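The two complexes that follow have chain A in common; it is paired with chain B in the first and with chain C in the second.
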Partner chain A sequence: MSTQPGSPSPENVRREGETTQAAAGEPLLEIRNLRTWFPVRSGVLGQKTEWLKAVDDVSFAIRKGETFGLVGESGCGKSTLGRSIVRLEQPRSGQVLFEGEDVLAASPARLKALRPNMQVIFQDPHGSLDPRMTIRQVIAEGLVIQGEASRDERDERVEHLVRVVGLRKEHLDRYPHEFSGGQRQRIGIARALALRPKFVLADEAVSALDVSVQSQVLNLLSDLQEEFGLTYLFIAHDLAVVEYFSDRVGVMYLGKLVEIASAEDLYADPRMPYTQALLSAIPGGASEGRQERIILKGDVPSPLNPPSGCPFRTRCWMAQDVCAQVAPPLREVRPAHWAACHFAD
Partner chain B sequence: MSMQGQAASADRAPTVDDLQDAVAPRVSRGRLALRALRHRSLLAGVVICVVLAALVAAAPLLTSIDPNLQDPLATFSPPSWEHPIGADAFGRDLFARVLYGGRTTMLASLLVVVLGCVFGTSIGLIAGYFGGAVGFAIMRLVDLLLAFPGILLALTVTAILGPGLINGVIAIAVILVPVYARLVEGATAEVRNLPYVDAAVTLGAGPWRIIARHILPNVLSGVIVLTTTWLGIAALWITALGFIGLGVQPPTPEWGSILNDGQNYITLAWWITVFPGAFLSLFVIGVNLVGDGLRDELDPTLARR
Partner chain C sequence: MSAAPPSTTAGNGGAPDAPALLSVRDLQTHFRTASGTVKAVDGVSFDIQAGSSLGIVGESGSGKSVTSLSIMRLVEPPGFVAGGRILFKGRDLVSFSEREIRDLRGRDICLVFQDPMAALNPVYKVGDQVIEALQAHQDIGGRAARERAIELFRMVGIPAPERRVDDYPHKLSGGMRQRVTIAIALANEPDLLILDEPTTALDVTIQAQILDLVRDLRRRINTAVLLITHDIGVVKEMCDEVVVMYGGRVMERGPTAQVTGAPRHPYTVGLLASIPSPGMKGQRLNAIGGSVPSPLRMPPGCPFQPRCPHAMPVCATMPSLRRTDSGSLAACWLYEERA
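Take a look at the complex of A and B:
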């Protein structure tokens, strides 16, 4: 992690060399053919006329203890993908296997029991804390809901957590509006940790923060990962932050996962033209030996009416006839490096 | 990379001391009662309401006269030592009637808003949180009720149920239900999409817990303001029903029915209408002042730091 960013252990290399990207090893989460489509109603009677394919046939796996970064432009479906995994959205089809159990098929009672394993750190530090609750109530809420721990044990756990995230016991009886954005984000992190999750979705968790506060929170997240053995799905649009923070990175475009690789490989040698364009947009990227800025033509096509074949072909400088006819599957173009492009080799 | 550098220099999160100064200095927890003192119109409203409530509550202590006792010798007696604000056409002491009548009017209007608030808020919470076809159907029904002129609806309901205080209360509460439902539904639909509701979902909270713990507290300030606004209007409508004889039945005193008693003699004995009218006005002004003050104080965006 933060100590050795991106350096794959021999064990990792062996795993990644296997035939599926889910790999053997120990996937904590396996996402299979996930589709989250939203109906777009129109007409006087509100008939369903179209589907907005926010997440369209996405499959990948997140390994125990890793940080999986997810990048893409606004509206590419990365947040919807994250929200679908923790079932804040109801996907239309597919599977989300948490330790082998399908979260999407879980009954309400089973889902409630599964929820402590999968927690979320939200983007908006202002909207994610109930303004009418004290910090103590916010952090303890999960314990209350899950009926875990007696009152005293809860207090103890909450006091411990608030220290872990770098706030003080004295802050517990205050209300969210008394804290700064970074502090609120710490409170959100303490709430997410209260139920001892194995998996934490950090959905743009640092995007709303000042750069100096961002690095504090990222360091906190790294420390917590070590301390509690957490697995992160780290969604962000800041490519530099993702590179620094993630072990492996997935790139999304128009509801599809178009490239997956270790952070090191992906940033050094992107195989999918979209990823190349995206990475060339990192300020100062060229000075680190990256290629020149690629300016894409045109806009992202509407997810209501995605292009046939490869979703990126309308803006791709390498597009051929085949791209319009055959959707390129996500395939392993280098060991442990997956890309959805006909010309990725 | 700068973050890399920081990661190396600070392998633990910033210490407690780093953050200590950044937290806003602790303010004395703004207790509503204390803040009310600072807000003039709220203070005035509270004083008026408390004094009126104390007067009508203490009626048996302030007068020993039965409000329904007819004294033929005191007919149309003007304010005097014996009858401080005079007597009516039957020689009944007006001071006693206005005090006891205030009990009826104030309690009935309170009951109206409580009923309207409880039912309207519940309907609004359910329609707003669950939405969908059921929410849609509920809200169209609410629109239908809102489209009726309120007092006409109340008259229709009393015409169906028959005259009487309780029926009058129900009739006016029926008008209030859609008003509350509309307000709460809108606020609920807004709050429901906030990230802290998502956070509660990920912690495993069910819909009822979310409604009770997260939505209701965050829509409550609007409900409280609406309640004080409507308390005054409810008092006016209760007296209106009493005035036209559909509310409380004689001889029970009630501000509206006393006003009605006096209307034929207003040139002869002005005190029969003026005093209950003044009490009613004072009460309505009082609750409206409270409502205005609360509107300012409960707005979370104006919350004092």
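Take a look at the complex of A and C:
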């Protein structure tokens, strides 16, 4: 996309990180021009390769100690972006700087040393815990792999962690199937914290939980952030949860980051039409004084064949000729509020 | 929003003034399992008036979906309706023969599920599936049925319906598939449309489209809607009245504005406080402690009692629904004396 006129030059985009750096807090992570593309074979004999641009030229920074929320609809690339940052996916190009060091360029040995800093809490508390391992083994697994603690130290840390996440010591010798969904998510959190990470990717970490249990886990994540000084990348499709839980929020559409602002600014005054439509669709929002519902026409276009120019133009009620020709760069349209729209001012 | 709450909601299972379209009375749906009997639905009562909308809201295991399956007589063994009445236009569906209920399904009462891909047959064109629904209950020829299918597709907002009728389900997006299942459900202009988590699998902007469609269709064809959901925001938007379920029981029921604006049952209070709202940023959520008890180990009496901040010894006996000062009915001993 960078060959198109008007698309964000690296310099243009990198300002987001720099501005935030100057404004408030150092970045823990800087993501620069990240592209994660997946090859898709097509044609009669599968000889043609198309690219599914799941993450396409995304740049932003996550500050130390903040919760950066990431929203967007299914297929927008938010999970792939999160997984690319912790290198569970292999991006095609770009940089992920963790405290200034490029994670994507790290050697295998260096990556192993960096891994403990970056941990993940997954959505599915059922699928992400090995059913044959006791809770003690699940939580201690990372410590064993990293080989950084003696057995006694490991036991001590595991017993501390299980209390921190609100479970009891007696639970340690049981198996995952003996726990409820909420308890399993607590176990997943304890596992993520075992290596004392600085950064935690929470990928739909509360989405599978019932609301009454979801609120318990959100409270726990807040407590842990305070206690351990964690930085979160919080990915969720529930817009109200993201607003509540995040300091800043990024919005993705078809592999692009289309808006970034503080949670307050973004929800009060979204500048990109897609964000306006997305936020207006929160069910029950009208009774809470949100803006009037905008019903979008049609579906999200195929990411294999995204529209030229602005990815949202095919559904946008403000689209003009320029939107098909020039991809709008992510630019600062209000102080510390970035939007990728020609008409965001 | 309906005006004053109809007196049909007075008391627990009291006789309504005007006959309701659907009257569920003390419904019991149980499942026999190796470890004992699970009372998935345990004494549920509510009414739906013709043309009105009622939401059943609850978390997993609350019995909300089993309630809707019971109405359609779609509960499969080891589950069975163990007691109660389901009066549809005054006739008890529980006593219907298999043949009678099959005639009624798809004609008088239709059900739309969460997953449209599971509801559609992947090897038939979507238009043919609408035609099949039409011809099952109406004497209508092939060409006329196809015209009607196209008309239904247009009504549910499917673009280029003349072409889409010849598509197979996999060719359509999730939102379009759900529109197809709604078109099938509406084919015979039912009196009651049951929507069981109709938008849970959809993205929020597509959910908004589908809810908008259902609202619009209700205005145009005056179908009553029973909406089953875990999302109280959806109920606020869509339903005149709401039933809050927990552990197979009705905790609170009444006009949506009262129940969500001035909740009276401690569970409803806790549920609403668990949902992050714009004003709560930076504050802790008032989480309900604990988790839903296993259906095999439900406590005696009120199922919410082990998690309830107001639990009292008397809660070991299930209270009946009592009128509260908000106008809703709550099954809680806190309101027993005031009744």
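Just so we're on the same page, the second predicted complex is superposed on the first by the 314 of 345 C-alpha atoms of A that agree within 3 Å, B and C clash if a C-alpha of one lies under 4 Å from a C-alpha of the other, contacts with A are read in each partner's own complex, and residues count from 1 in each chain.
Quick note on the criterion: a residue touches a chain if its C-beta (ideal position, glycine included) is under 8 Å from a C-beta of that chain, and two chains touch if they have at least 3 such contacts.
Because the structure is a prediction, the values reported are computed rather than measured.
Looking at the shared chain after the overlay, A:54 reaches neither chain B nor chain C. Once the two complexes are laid over each other on the shared chain, residue contacts for A:73 go to chain C alone; chain B is not touched. Of the two partner chains, chain C is the only one touched by A:263; chain B is not. Of the two partner chains placed around the shared chain by superposition, chain B is the only one that A:120 touches, whereas chain C remains out of contact. Look at A:161: by the touch rule set out above, it reaches neither chain B nor chain C.
When the two complexes are overlaid on their common chain A, residue A:218 makes contact with chain B and with chain C alike. Residue contacts after overlaying the shared chain place A:237 against chain C, while chain B stays out of touching range.
Of the two partner chains, chain B is the only one touched by A:177; chain C is not. Once chain A of one complex is fitted onto chain A of the other, the partner contacts of A:188 are limited to chain B, with no touch recorded for chain C.
Comparing which residues of chain A touch chain B with which touch chain C, the overlap comprises 180, 183, 214-216, 218-219, 222, 240-241, 244.
Chain C meets chain A in the complex at residues 59-60, 159, 173, 175-176, 203-209, 211-212, 230-237, 270-271, 273-278, 280-281, 284-289, 291-292, 307. Those residues of chain B that touch chain A in the complex are listed here as 1-4, 6-7, 10-16, 18-20, 22-24, 26, 194-196, 198-206, 209, 213-214, 217-218, 300, 303, 305.
Residues 73-74, 180-183, 210-216, 218-219, 222, 237, 239-241, 243-245, 263-264, 267, 277-278, 280-290, 293, 295-296, 298-300 of chain A touch chain C in their complex. Residues 2, 5, 83, 86, 88, 108, 111-113, 115-116, 118-120, 122-124, 127-132, 141-142, 145-146, 163, 165-168, 171, 174, 177-180, 183, 188, 191, 195, 214-216, 218-220, 222-223, 240-241, 244 of chain A touch chain B in their complex.
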